[in-house]
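If you scroll down you'll find the structure; I have some questions about it.
Every chain is named by a letter (A, B, C and D) in the order it is written, and numbering of its residues begins at 1.
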Amino acid sequence: MALPRHLKNGLTPLEIEFLAENEPIEIAAAIDTRQDLELIAGTLPPLRPLQLSQVPLWLAISLKKKHKCSIVPPQWMSVESLQKSLSDEQEHLQFSTLPYHYMETAQILLENACDDIPSPDSVRKLLKDLRETRQAKARMGVAELDASNVQMDNIGLMEINEIRPFFTKAFYELQKLKPAGQALDTFGGSTQDYGGFDGTASLGSTLPETSRFNRSTTHGSRGDAR
Amino acid sequence: MEDYYDIDSILAEDQNIKCVFHRSIPGLAWLEGGQDDVLKAGSRIDIPFWLARELIGHPQGSVEMEIETPDFYGTKVRNGLRAEATVVDLPKLCPHFFRFGAHFLQIIEDPKLGEVLEKAFKDRLQTTMDHTQSGGMSNTTEYLQRLDETERELYKAGLESSASVHQWNQHSFGRIRSAGEVLLKRKLA
Amino acid sequence: MYGEEASKLAREAKRTIDHFPPYNDPLVRSITREIRHLHETCQSLIREYNLQREQAEEEARRRWQEQQDQNSQPAAASSSSSSSATTAHGSDRSDPNHTTLAMLEPITPLSSRKQYRSLEALTHELVQPMTELFWTKYMVHDTPLQRNKRILMAYHFQRLEKIKELAWAYNSLSDSSRRLLSPDEIVFFQEYERSCRNKYTNLPEFQELDLGLGLMISPPKEVFITVRVLKDCGDIVTESGSTLSLKKNSEHFVKRGDVERLINQGYLLHVA
Amino acid sequence: MSDYDDDMLHGGFGAQIPSVEPEAQIDPSQYLLHLTQAWINERAAPDLLQYEEDSVTNLLARIEEQTATIDELDSGTETAMIISILYQTELERVKFVLRSYLRTRISKLERYCTFILADPSSRRRLSRAEVAYAENYLRATTQHYHNSFLSSLPPSVQPQDLEVFDRKLSMVSQPPLDEAVFFRVVADIGDFQISEEDTLLLQPGQIYILRYRTVRVLLQRGQIELI
């Protein structure tokens, strides 16, 4: 098929990382481009040495790898901020407010710009604790899973991805167990007709209406619980 | 909602159930493995669910029949599921316990059974989910043996996605792999 | 029991969902044989039923006539009875290629509603029990037939999904994959590549995109990457037009797009 | 380059690339943002969404322009070299989104091919090239099922588009609209009816899991984004 099977359960972690790389971040350039950067996503003003600029994360990393910039880590990634998030996380049932791409951004920065991050080991440790606390919350969501709705504000995209296949499949199977009366119409109410039966094997349609036999369609006993 | 090409759905219907016809039917004795010609009225016979469903639901009228609720949806099992759903060994009862239940509920009226199945399914979800995140723990395999086919598929899906995030966390991505590697990886998963 | 071979095939499909087993020709053939047999049986059940029903209807009409004769005006009823007999078979709607159920046009209304109902009731009384038996026997054979067909469709459907995955991942069938396919599947693979995949990916507006890039639709990280050559590839021409000589065990810092396909095919290893 | 048909040529967008100036009214960055979200929506939705013709056309044109720009860049200095690499990196990123978007659509198109071609409202959501693709694909698969086993069965058993059994199980697969989706609210929607009894107060930033059929209309209006 045009899309390999492993891509059919939502996005892959790499794709989510790719999306996070579109997010803006602040850098101090060590290069003078002397010209606008005319990107397809829009034009960036020239990068000047030691001047702070907002650029997409992917661009920041690309420059960083060539030692052409240093990255200003976002406020929420500071030790104090993460400590506060962690205590919020442990105190409340809801997810604490972290950026949608917090896991990806943090991992990309720790991997490629570790020297720009103050006390990276504490940051790593805090992120790990945060992640574990939040993971447990995400899993708890399963208990609320019903055929109506589940609300999960502030969950990160990578966290969603981790539980998505399980949640969506479970949701679908639950609906199948609902009694027939609650069964859902097939396609927005309009039944599609694709020709139906023909030939003799399907003689349902070649027979005259049942009224000919003057017989109601209820027959056979409906089994009961025993 | 059912898909024509869904193998799981096809297999879930392949479950024998007990039926009784109210009239004798010449020419169908072989249904109960008999040598004679006539299938006698009142004989209790085992037929696949996929056949029973079409016979009992036929709009033009066929011989009246009765379908029995299988033992694995009987009082004993229901009580067990109500008490502690996670310890019930479902595949021992019926490999497609829930999916077959969904099919079966379409032809009989038994709201209680629907409730029991739905609740049991929900009760077991949390435990199954937890196991997807602790793959390889000692008590995992024992619990997994008690899962029915639908739950197994769920477990597999959950394990795959949590493993892929874990792998990403370990920085083991980013390198282009050959198609062979990708296919091989999937086989091992 | 009918349908057992088909169940075997369904279980095989389930078991092999993650790999690619050879085409199970013997099982497919034996299931199609069973379908033909079931169809024959259904056809003869229909013929038998039509015959029985005609006789029953004739019988009902005869009894009804007798009843009429014994009652008041025998002459008035006889003409209308013969006209209903000629329209009874509805031959204009039957398909000459198949055995069909006899079609019964509405019986010509008679002067008295009471008389009319009694003929209908008589017919019903005689026909109904045999209709019940017929439908039961018919469904006992038609249901496995439809199920056999469904399983064959599902089996072939699942294989097509895998064949298409191969077609997007590779440009041609390797000998080892070829051995797993039936001759019809090989034809499909070629037809799919030619008239579906290639027609679309070769559209002029998509030229820059390299849509048919194997399994490698993962997000780009770096434009330039380091690769090691695992198998000699000879010289390749890069996108920018220069030539790159890829000898076994050499390492190169190259543009990702130039070598992605070779990595996919296992010629190169992406080192860093 | 020689094996595409007339219908595919006309079905494309290449011929229709508008000759508007880059600065003309629409902010060029919007197309990329828009298509990136369309790609995510397409990956998450059970059915095939509206083809984003404007964004695709525009981005294809931008790719061509940018490729030309890169070729013209003087790569004599280190700075120029770095700018070139940045441009090329972004170019690869844009191509990736487009590629994955188009192939995601093809994959769903194949899965529900017969239905999409027969259902007018689904069919309207395709590009002309996709319609041609679907028709060729349907021909190839129909032929394959026929050759593999249907041809050896009685004619009345051969059709591939029937409803079987009394419960109207159709041989034609339809998108499973009752599947659950994760979505993020991006507009102030207010009270929204999710079932006969329940309404939800939908406000920007919230994240929910709901039945796709229920929220499809919100997606069409651009009030939610699938995730």
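One rule holds for everything that comes next: a contact is a pair of C-beta atoms (placed from the backbone, for glycine too) under 8 Å apart; a residue touches a chain by one contact, two chains touch by 3 or more.
Note that the structure is a prediction, hence the values are computed from the model and not measured.
Chemist: Would you mind telling me which chain pair, B-C or B-D, is linked by more contacting C-beta pairs?
Modeler: Per the contact counts, B-C leads.
Chemist: When the C-alpha atoms of chain B and chain C are each averaged to a single point, how far apart are the two points in Å?
Modeler: Inter-chain centre distance comes to 24 Å.
Chemist: Take the average of all CA coordinates in chain A, do the same for chain C, and state the distance between these two points in whole angstrom.
Modeler: 36
Chemist: Go ahead and note the Å separation of the Cα centroids belonging to chain A and chain B.
Modeler: Taking the mean C-alpha position of each chain, the two centres sit 29 Å apart.
Chemist: Name the residues of chain A that each touch 2 or more other chains.
Modeler: As it turns out, chain A has residues touching two or more other chains at 1-5, 7, 10, 12, 14-15, 17-18, 62, 145, 164, 175, 184, 186, 199-201, 204, 207, 213, 215.
Chemist: Which parts of chain C, given as residue numbers and ranges, touch two or more other chains?
Modeler: Expected reply: 39, 98, 128, 131, 143, 145, 150, 153, 164, 168-169, 215, 217-219, 222, 256.
Chemist: Where in chain D do residues touch at least two different other chains?
Modeler: 63, 85, 89, 93, 96, 100, 103, 106, 110, 154-157, 164-166, 170-172, 176, 178
Chemist: Chain adjacency by touch: line, ring, star, complete or other shape?
Modeler: Drawn as a graph, the chains make a fully connected set, so complete.
Chemist: Okay, in this complex, where on chain A does chain B touch?
Modeler: 4-6, 9-10, 12-14, 17, 107, 111, 135, 139-140, 142-143, 145-146, 158, 161-166, 169-170, 173-180, 183-184, 186, 204, 207, 210, 213, 215, 217, 219-226
Chemist: Which residues, counting only chain A, touch chain D once they are in their complex?
Modeler: 1-3, 7-8, 10-11, 15, 18-19, 21-22, 31-35, 37-42, 58-59, 62-63, 66, 68, 141, 145, 147-155, 157, 160, 164, 167-168, 171-172, 175, 184, 186-188, 192, 194-202, 204
Chemist: Looking at the complex, which residues from chain B come into contact with chain C?
Modeler: Residues 4-8, 10-11, 14, 21, 23, 25-28, 31, 47-48, 50-51, 54-55, 58, 60-64, 174-182, 186-187 of chain B touch chain C in their complex.
Chemist: Given the complex with chain D, which residues does chain C contribute to the contact?
Modeler: Counting only chain C, the residues touching chain D are 28, 31-32, 35-36, 39, 97-98, 143, 145-146, 149-150, 152-153, 156, 160, 164, 168, 182, 184-185, 187-188, 191-192, 194-196, 198-200, 202-206, 208-211, 213, 217, 219-220, 222-224, 255-257.
Chemist: Per the contact definition, I'd like the list of chain D residues that touch chain C in the complex.
Modeler: Residues 1, 3-5, 8-9, 11-14, 17, 60, 63-64, 67, 85, 88-89, 92-93, 95-96, 98-100, 102-103, 106, 110, 129, 132-133, 136-137, 139-141, 143-145, 147-149, 152-157, 160, 164-165, 171 of chain D touch chain C in their complex.
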